[in-house]
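In what follows, chain A forms one complex with chain B and a second complex with chain C.
Our next item is the complex of A and B:
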């Protein structure tokens, strides 16, 4: 039987990135994916005949540019199309729009508040700078502040130097971004409620927090990260949906010689004398390798693939305490025609961008209140895009697909999710859109409603958390996923983790997968 | 000039600064707008060093240490009473939850260690992380080393717990709603946040500073009275003073009623940083003035008194039956309403019975009195309430407003851009609930 250098469990984007980097370094690698296709939560599927959907995720923004470069992804089919605008319909029939053209956005803001239009540029400059300041942290292996090892001390010192090099004002801004709520942070800059609502809504995506919850401000930075490198605009679509991103990484991995097997679910990691020796598949087959890497979330990686007596008890406790609490759902619609929104009637360029249903900070906060007490939001926050407007291949000619990212839908719904509750949730979404776009409901041909429970069932992501573990301050950096084990190694020798549940985690970023591969190569397989 | 320094405000911090300066040979005038000291403000840890330095024990300082330190009603009947004695508290908890009782001593120990770290940080000026001064860097390194010596668990706890919500922290440890409610209340104490908001675990530890292991309510005392008994500074009461500044320099204060100007080369304000600085905004650079405007100091607490025929049988009575109760009380505040079912705490001292009611919104208070009376099951005419528009602490104790971020980022060393004008109140590091700490740190910076 063939002995591999490395087995990667899970063919999500991080697993594929790790495999590609290992294969590029001339290691023999096999990726084992449970589902019939690679991509994990970044998949494109033809759910209704002729209508293709990016099932779970919907936009691409954070994929690390060095990964795109190192793996030469454009050659393997990655093509990012810009998302041009964001329109927020307001309850009074007005709207707030941000366009691709900066001057036009400024004029639009001026209409709402001259003061905010002035502040907007300065805000943008600060956020650009802060994003740049945070970037090196995303690309570094987190040093362990409890360790006295020279490498950790050097890492801490480097981190300290980096922060101090920012200078007072920016360092203070960083502290504020890390600790404040997005609503409070934006209050210091702007007065227009709908502007603050739309910006702060981006700070709550994937979290179980509201815009007034401390810790949401730093996600505001994410919007300024992609843009920096001049690779593509902040938010964009991948041609062919986010599944095409996964496919391009898979193609790159194969080109370096990696093997990818679908329909190959792993049931256990094989451990002998505290050392990983391979995996057992669900069908009973065993595959051996010198290194095993899991891209699954921490709960499944440690509590499912291993036996608890193979791990130190306090580590098991830490992993059990790691929080998931999925809070987002998705509604995918096949439409006969595009809907017209009251605030900006007709069909036009606005449909090439996003519609954000976040008319006021209170609206989004109330949506959170429902979830806090175990209900889905009666009037949820939604981020709506029409992928077929940008990539016509996603729908039959003349028809359209509509992707609605919805928050909040708590995994732990009172009484649990049932088919009836799923449909009620879908109705709440559709009815809310209808209130901003009368007549919209009659355009719906097919509807797919995805709850966090569905996300868990289909992709395996625990509690349906799209970031493979909450991105809360106490679950980041050297605490992700557990103190002392944030450097991709695990208590089992030869067994590594590379998913979004490790630093830096979250979004279709690929950084965890890349850092893990670096670590594995450094350790030598 | 008759005085070397004028101190604005005769609260604990103002008086502490005044006394330290007086001890260094300076002639001091303290101006206070209230005609008499406000005993209700004397809550919190009075650092031992302040008591010793200023001889407060000899000046009649009394610290109330009620035992049990808290009572909370149990569903049905009876109450959970927690004592200063660990074994007795554990026993009381065992009656409602054996699992929680088993964890109680370890929880108390861990929290005490963490509060100890804060205490050390609080008795000195905040670390200046921008400094290139070797001594300051050495001081920061010493704090780092001190924390590391406390062990791996403490380092991890600090990093994990400080940004956490008090609800997450308590859910990690306990199952009893009553226990979590009375502990959670300290996490949101004087904060416009709910127990599920990040950073409330820090607020919890902040108010644990100075408390004995297993006691989670700040002590009450007569510290302001004791400080007034100490001789050496002149205090003028019933006068509101504003800072006089010219060409970027403080020149003294003006008394608002009489218009009298009192000139002095040094002015130290223990008043709210915003109230101190906004009237002289024209002397400030716009960035700094903007930062001052942005200090979050939202008042969410109404304080008052309860007049009952007899002395209540408890020292501190807490009505916050669960974390969800607190969270819902906060929900109302988010949308600018008084809590429909507020968190109410009754605190008895020798002379009076005080009330802490949270959350109240700014503005009119409709039937708040009835709601509080209803929650306490007393007649409304026995309740007296006064809601504060501003945070008692002159700045909320959230993670973005502590240490080198307090009162405004980069100006945490009690100085202001106005030469000769210093701040020493609870708006500065280490913040409210620690009478005298900011005052002492400020005096040390001035000297």
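Our next item is the complex of A and C:
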């Protein structure tokens, strides 16, 4: 029987990135994917004939440019298209818009508050410096601050120097960002409520927190990190949807010689004498390899693929404490035509960007209140895009698809999720959009409603958390997924983790997949 | 406006958000219609971009000796071409130095349309003595649109109400779009699936409207020269007066280039009878050209480091540049040549440049390209990369 250098469990984008890098280094690699297609939560599926849905994730956030280049992804079909504007409809019929052109955005903001229009540039400058301060961390293996190993010390020293070089003022701002709520942080800068609401909404995505919860300010930075990449424009919409990102990584991996098997769910990692030796498939087959890598989330990686007696008990406790708390849902629609919003009537360039349903900080916080007590938001926060306006190939000519990211929909819904509750949730979403775009409902030809339970059922992500574990400060960097085990290795020798549940986690970034591959190659498979 | 506008101006004029126009052969055309050319660029690779290319010089060459004349002038073999074919070709002076490049459409046995970047009528006349041929400058009365991108075929098929899948790369056909007689050629300057539509100038506006209407469900996007410039660099297509000088405009010998030095060796016929520059080109081919025209990929980490050294994130020009930039060996001292165009590829996520280097520097060779970082001259690592940078299957499929 063939012995591989490495088995990668799970064909999501991170698993594929790890496989591609290993294969590129001339290792024999097989990716084992449970579903009939690769992609994990980055898949495009034709749920309704002719209409392609970006089922779960819908934008490419911070896909690392070095991955795009190293794997030559454009040659394998990757094309990231710009998503330039955000329009926030307000409840009084007005709107707040951010356009691609800086002057135009400033003038729009001036309409709401001349003071904020000026503060906006200063704020942008500060966030630019903050993002610059944090960004190198994304590309480094997190050093353990409690360790005296030379590698950790060198990493900490580098990090220490880096933060000292920021200077006092910026370091203080960074500490604020790391500890404050996004609403409080934005209060220090702006007076326009709808601006604060829309900005703070980006801090709550994928978390079980509200804009007034401490710790949410940090995520504000992510937007600016995308901007730091500047002309890289790694922030956008992938032609063909996020599934095309996965497909391009898979094609790259294959071109380097990696094997990808779908319909090949793994039930257990085989361990002998504390060393991983291969995997057992759900169909009973066994595959052996010198190295096994899991791209699944930490809970499934350690509590499902391994027996608890194969791991140190404290570590098992840490993993059990790792928080998931899926809080987002998705509604995908096939439309006969684009909806016209009351605040900006007609069809136009606004449909090529995002619509943010975040009319006020209170609105978003109230949406969270519902979730806090176990209900889905009656009037949820939504991030809406029309993928067919960016890539017309997503729908038949002249028709459209609409992707609605919704928060909050708690995994642990009171009484549990049922088909009826899913539809009620879908109704709440559609009715809320209708209130900003009357007539919208009559354009819907097909509706797909996805709850966190559905996310878990389809992709395997525990509790439907889109980041494979909440992106909260206590679960980041050297704490992701557990103290002492943030460097992709695990307590089982030859067994590694590479998914979003490891540093830096979150979004279609691919950084953890790449860093894990680097680690594995360094250790020597 | 003292310069001419093209026959499409009634439509393109109102589209211009920032009044950004560029001069081209005595006309003005849009640099970009939107404030940024970004979306126009992406349309080329994502859906379909519509360019007004009317300023091209266009000549109708007809008569019994038409093919003979053209064969005498250009380097490709026109006599062997079939009706319905389009040939991209350079033409040279007697020393084998390139004067210009353009296309020749074989419209009939004795009817050809030649396009050029510079006026060429006098040159044709000089070469036509004793031949039974007539030449007509049809630049003004022929308007042209270029529809480029993966959806271009679908759009044209709807507009022309016919199947175009049999129309191969660098072939042409006559067609009707809303009863307007047009010639459709599968050509372009983007290295993508694309077509150019040639029409009587009087019918220009209705043609524009027809294509826009057919194209709207497919995301058709009017695009300007800034977007085109990025795409043509990705496609490795050279531009006169930028990447090379016409031998007729060069002031000194070293400003001239031969097609062999410009990567156009494939266009230089070896088997046809006497043509301008033939002997010189044959001799040059024999000894091997001294220069090559090639791609450079600037190493990102190296560029990032140069900026990090002054405390900045990397910055790149937002538009393609057209200046001469020195290229050195990996030691950074010996100059190997110069880059003439460059820019960031939003699709490939690569900083690319087109360069003239000594022909001995094979693909993969590490070199240094000069970059200016905070007012100071620096050198970024780069690698010699074969052209084109981007060559999708759909271009020929």
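In the analysis below, the second predicted complex is superposed on the first by the 519 of 525 C-alpha atoms of A that agree within 3 Å, B and C clash if a C-alpha of one lies under 4 Å from a C-alpha of the other, contacts with A are read in each partner's own complex, and residues count from 1 in each chain.
Definition applied: a residue touches a chain if its C-beta (ideal position, glycine included) is under 8 Å from a C-beta of that chain, and two chains touch if they have at least 3 such contacts.
Not measured: the values here are computed from a predicted model.
Q: Under the stated touch criterion, name the partner, chain B or chain C, that contacts more residues in chain A.
A: If we count touched residues of chain A for both partners, the winner is B.
Q: Name the contact category of A:282: first (chain B only), second (chain C only), both, or neither.
A: Neither chain B nor chain C is touched by A:282.
Q: Once the shared chain is lined up, is A:121 touching chain B (first), chain C (second), both, or neither of them?
A: In the superposition, A:121 contacts neither chain B nor chain C.
Q: Could you say whether A:336 touches chain B, chain C, both of them, or neither, answering first, second, both or neither?
A: Neither partner.
Q: Considering only the touch criterion stated at the top, classify A:479 as touching first (chain B), second (chain C), both, or neither.
A: In the superposition, A:479 contacts chain B only.
Q: Going by the contact rule set out at the top, does A:68 touch chain B (first), chain C (second), both, or neither?
A: second
Q: What is the contact status of A:398 with respect to chain B (first) and chain C (second): first, second, both, or neither?
A: It touches chain C, and chain B stays clear.
Q: Please work out whether A:164 is in contact with chain B alone, chain C alone, both, or neither, and reply first, second, both or neither.
A: In the superposition, A:164 touches chain B alone.
Q: Would you sort A:307 into first (chain B), second (chain C), both or neither based on which partner it touches?
A: Touch partners of A:307: none, neither chain B nor chain C.
Q: Under the definition above, what is the set of chain B residues touching chain A in their complex?
A: 129-130, 148, 152, 155-156, 159-161, 163-164, 168, 172, 193, 196-199, 294, 296, 324, 327, 331, 334-335, 398-400, 405, 409-410
Q: For a test of understanding, state which residues of chain A touch chain B in their complex under the given definition.
A: Checking each residue of chain A against chain B gives 145-146, 148, 163-164, 167-169, 171-172, 175-176, 178-181, 184, 188, 209, 212-215, 321, 323, 362, 365, 369, 372-373, 472-474, 478-479, 483-484.
Q: Along chain C, where are the residues that touch chain A in the complex?
A: By the definition above, chain C touches chain A via 35-36, 38-39, 42, 45-47, 151, 154, 217-219, 300, 313-316, 318, 344, 346-350, 390.
Q: Would you mind writing out the residues of chain A in touch with chain C in their complex?
A: The touching residues are 65-66, 68-69, 74, 79, 81-82, 84, 100-101, 104, 132, 228, 230-234, 239, 352, 389, 391-393, 397-398.
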